[in-house]
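Letters A, B, C, D and E mark the chains as written, and numbering starts fresh at 1 in each.
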Amino acid sequence: SNTVTVSGSTSVSGIMEVLAEKYQATQQDVVEVQSTGSSAGIRAAKEGTSMIGMSSRDVKDSEKNEVTQEIVMAMDGIAVAVNNANQVQDLSIEQVKKIYMGEIKNWKEVGGADQPIVAVTREVGSGTRGAFEDIMGLTRKINDVTVTAISPRAQVGSGNGAIKTLVANNPYAIGFISLGSVDDSLSAVSIEGAAATKDNIKSGSYGIARPFVLLVNNQPADEAQQFLDFIMGTNGQAIVAEEGYIEVN
Amino acid sequence: MNKFDVNQLDLHYGDTHALKGINLPIPEKKVTALIGPSGCGKSTLLRTLNRMNDLIENVTIKGDVKLEGKDIYQDRNVAALRMKVGMVFQKANPFPMSIYENVAYGLKAQGIRNKKILDETVETALRSAALWDEVSDRLNSPAFGLSGGQQQRLCIARTIAIQPDVILMDEPTSALDPIATHKIEELMDELRKKFTIVIVTHSMAQAKRISDKTAFFWMGELVEHGDTEQVFSAPVDERTRGYVNGDFG
Amino acid sequence: MNKFDVNQLDLHYGDTHALKGINLPIPEKKVTALIGPSGCGKSTLLRTLNRMNDLIENVTIKGDVKLEGKDIYQDRNVAALRMKVGMVFQKANPFPMSIYENVAYGLKAQGIRNKKILDETVETALRSAALWDEVSDRLNSPAFGLSGGQQQRLCIARTIAIQPDVILMDEPTSALDPIATHKIEELMDELRKKFTIVIVTHSMAQAKRISDKTAFFWMGELVEHGDTEQVFSAPVDERTRGYVNGDFG
Amino acid sequence: MRRHIEDKIALSLIWGGAGLTILLLVWMLWHILSNGLSHVSWEFISSAYTTVGKTSGIFSMIVSTIYMVGLSIAIAAPIGIMTALYLTEYAKPGSKLVKVIRFCTESLAGIPSIIYGLFGMTFFVVTLGLGFSILSGALTLAILILPVIIRTTEEALIAVPQAYREASYGLGSSRIYTIWRVVLPSAMPGIVTAVILSTGRIIGESAPVFLTAGMVTRIPESVMDSGRTLTVHLYKLTQELFTVHEWNQAYATATVLIVLVLLINLMTKWIASRFNKASY
Amino acid sequence: MNQTIAAPAQEFELKNSALLEALSQSSQKVDWVGRFFNLLFLLSALIGVLSVATIGYFLVLEGLPAIQFAGLSNFLLGVDWYPPALYGIGAMIVASVVSALGAVIIGVPVAILTAIFLAEVAPKWLANIIRPAVELLAGIPSVVYGFFGLVIIVPAIESTFNVPAGSTLLAAIIVLAVMILPTVITIAETSIRAIPRTYKEGSYALGASPMFTIFKVMLPAARSGILAGVVLGVARAVGETMAIIMVMGNSTAMPGSLLDSARSLTANIALEMSYATGIHASSLYSTGIVLLVFVMILNTSLVVLNRKRVK
């Protein structure tokens, strides 16, 4: 049997592992999924260490080259989540931005209890963080280079899981994670009045969304092509929808 | 008067019967030499006199050892006994400290902090050990810098400093060269005036030179004891005769 | 004829001058005893005879040692030398193997696998070491099960098995009780017929009992050597006289 | 009297310090075992890990761990033992070369494991093109445990009584014969200890492992496959603790790890004591 | 007694000629086998050297661009970590130093007292129970410690100090202190046990109490061994990664107090390793260089300290 190697985004990994398991159940080839982060996935695909690279954000121009192609396999929202004990249900983009820049430090400033805010972010280079910063305008320029505007005091967790753990266990915390990985251990707040749902993303009323991009060689190996066909086919896309992400086409 | 009276002493190391029914009086202010072939129990007997064998596991002792009429194994205050019955070992074992600290050690262990008392005692002890002239200018340098013979005299000084009545010596010169040995023997000649000395030696010549009384051991038994003169010139037991004549051992 | 001729031998351990200009002939098929106070260089000289000092760091040797007229330090084949000049140590040091394996060790080390040769040699060697009767029924049991004296005889057997001309012994009985010592001395009386023996002993009595020639060392110097009779009864040097009379040491 | 009081204080400090250690120890072990033991079942140990299906066992992690341990030891043990032999039996102590070798092995021991991860990922995974694989991981870990093996073996070799060597050389044996027949057998308990200590080290590492061997939950079929060791698995789980089910998995995995370490320790002792008996 | 000795003279006339021949043959050979093994062992020994050289080479090769980009002083002293513009690891150096130092200050005294307990004070049966337990602790993966810290220490800090997030320097210090205990205890106990019995006997013979003996003679004599244990402990604390990531919060700002979140050098590497490209990736290798230099300074300074005190 052949092995299809896939690596990259921790956000995409969740759905990719499900796709891989279902795919392996139907035929001979095996799929290895490594959740290493979007940038690493893009690099791995370009360097050929992995057949398929996963990214949870748009591939930057600087990261593109001639031998690889991008395939958008799904769309995903980024949920802004708080602890279940937190009464705050809705935040504006401005409020979220200020919280992350460290300008708003207490929940009462955004209509919550008089409690400190613990902002939790993903690590630099994470696709989720990259997309979140772009959409929320959480960037600034230093020496003409775009860098994050998220406060250095924010706690950092590696991977969606770590953020979920932190937010689910700390009543003061706020974090952002892939919408597909939201469950009832924490609660996603609505942004500008729009709840974080698939429908609202499709309609455009919930604006924090990004593509799940697969990066592959222009002439992928047969086994990789077969797996891609599965993902982009009806079965694959059905699974994507089933798992809470937004199918493409 | 006898300093020690050893009565019907039996000692086992686990199953090894190392001392068998020993009866030995040790007279005051005399030098008593313990001689005999290797493994006959000389060191073992010596170490029962200040209860050093207490440190070894699995030692069982029967019979009694009286110091000035009082059984030392009844009295619970071992530290007081050991201050009264000092000990010098086969290999000089100064502590890893300065010369001064080595000599003052025993006093400090008793909580004496008075600088004047300490200084005086250190000087007196070093003088009595015939070491003062050689080290008075470097009391604060490490004891390890001394030669083997000097180290052994330092150990004697250390013992004298706590004002004992008895000094036990286990082959104190067997690791020394002839010149250093000679110095120690000279020193012992001085010490016998003030202290009761019990010395283990493997050298019959040394026993003859320095002791008043000699006890000959043979495989855990005390074969014969008496005035040194008599033991060497007119031994009663055949084994003693064989040994002192050099037929074996 | 002389087996060994030691000429103007100087040996340093680093800065320690352990042997100073030694000149010593060692006659064939005689027992030569090396005596002297502790640290005088007896063991050091003994170990130059089979180049055992090669194993120690920082040893520098000047002068020469001739075995049957050939300088042993010129010949590169140390193994051959050591087979010719066997050695028995102060503490019996059998290998952690069976009795048989211990004796066969030296032969096997030369690649001899022939069971018949091995069996014969083991028996001959054990007989010659006066050990056969005591161990013939348990050749395959561990050597450590033997008593100290038996172990020492086993070490002698092991040496005999490689058919040496010379046997060096460094205080071979100093760790043994008188009875075991006596057995070894009896054995040596047999061995002297066949082998040249050089023995270090700290016991003058032993030297008198067993040796033909005696060499007296004093702080690295060879003070005096000659027939044992003469060295003990009519020593030439004053230090020798002092030592054999028991004035020191 | 003053000394008496000082003695009392010193003694209570010692008991206090030891008490604190024991308290922490018992607390930690109790916390993990009490929460974990009930979730360790045969099914948990023997079933595969799936995201979709019902089972979330650790069988594949156990297999990966075994692969990783076996391969790393197979690479590092011979090299380490031979290095130790060179240092103790062949080289002139104090020579320049020995100093360089010693300095290097000691430096290896001092390098934090994350740097091994960094290096392994750059060198084995990318530069040598081995990819995320058990082999990349094992090569990285082999360098990481090399100093442990060298040092422990060296200690064991030094502890072999010089008398054995002297006796053997005294019988005209060659160096290698002496090593083979006398030195190595006597040092065997120490060498076995070295290997088992390294096993513990390999099992315990996480960062250098997932940076080089990846963290695929499948059972690896060859050393070129990626695999997830138990410790990496626990790390992954702790990063995603939100359902009760996952908490339980984490505790159960931690329990398995502790039991594993316990077994390794017992084995060390047992082997050492057996060898001690065997060497008469 | 003479009967027990067989007649060797006669036996030896029968010197086995086959044996003698075999022996003389074997002693002629050139020792090719010996040379082969000598070379083999030497080559093995050089693998360690090669590894260090390769690791060093790759670290420097990969790490240099970032240091050149940021400038050495900005890199080491800067407190702004904004890749890909600013690379200052000052805050992380502080976090690493403080967490390791804190762990040593708490952990080492406890460990040494425990070691004394095991070596000198505890009854044999008790020591025989505790010792294996401590060894067990030494073998437990650091992730388990991190897990314990995450579920016990972090919440405990939140409630005790009433801080919003318990993932702080303090949490890391406590976890590291517990983690280095077994290392330091084991080594310290071994070195206390290794002290020649003559010291103890010498001290007891002067009437000194066991406590006085322990603190005045045994501990000073065991100093170099204990220091070695401390060095290993510190190295473990400085090098620890995963356990710290789990409990220290990993924020890049300079911590203002022990109750602030912080990021260690090791965590910085592990967190951003996968994502980084270009200068950013290079900066993580330079973080590795700093970490390495740090551990090396630590080792040598303690070695030097040790040597000085012994004199």
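A few remarks follow.
The rule is simple: a residue touches a chain if its C-beta (ideal position, glycine included) is under 8 Å from a C-beta of that chain, and two chains touch if they have at least 3 such contacts.
Which chain is which protein? Per UniProt: B, C = Phosphate ABC transporter ATP-binding protein PstB; D = Phosphate transport system permease protein PstA; E = Phosphate transport system permease protein.
These figures come from a predicted structure and were not determined experimentally.
The set of chains in contact with chain A as well as chain E comprises D. Among the inter-chain contacts, the highest number of C-beta pairs connects D-E. Chain centre most remote from that of chain B: A (centre = mean of CA atoms). Chain B and chain D have centres, each the mean of its CA atoms, that are 50 Å apart. For the pair chain A and chain B, the distance between C-alpha centroids works out to 82 Å. Note: centroid distance chain B to chain E, computed from Cα atoms, is 44 Å. Residues of chain C found to touch two or more other chains are 79-80, 83, 110, 162, 182. Residues of chain A in contact with at least two other chains: 36, 157-158, 169.
Among the residues of chain E, those touching two or more other chains are numbered 27, 209, 212, 270.
Within the complex formed with chain C, the residues of chain D that make contact are 92-94, 161, 163-174, 177-178, 181-182, 185-186, 279-280.
The touching residues of chain A, counted against chain D in their complex, run 3, 5, 7, 14, 17-18, 21-22, 30, 32-36, 47, 49, 157-162, 164-165, 168-169, 183, 185-186.
Put simply, chain D touches chain E in their complex at residues 3, 6-7, 10-11, 13-18, 20-22, 24-25, 28-29, 31-32, 78-79, 82-83, 85-87, 89-91, 100-101, 104-108, 110-119, 121-123, 143, 146-147, 150, 172, 174-176, 200, 203-207, 211, 231, 234-235, 238, 250, 254, 257-258, 261-262, 264-265, 269. Across the interface of their complex, chain D is touched by residues 27, 31, 33-34, 37-38, 40-42, 44-49, 51-55, 58-59, 62, 109-114, 116-118, 121-122, 130, 132-137, 139-148, 150-152, 178, 181, 185, 209-212, 214-215, 235, 238-242, 246, 266, 269-270, 273, 284-285, 288, 291-292, 295-296, 299 of chain E. The touching residues of chain B, counted against chain D in their complex, run 109-111.
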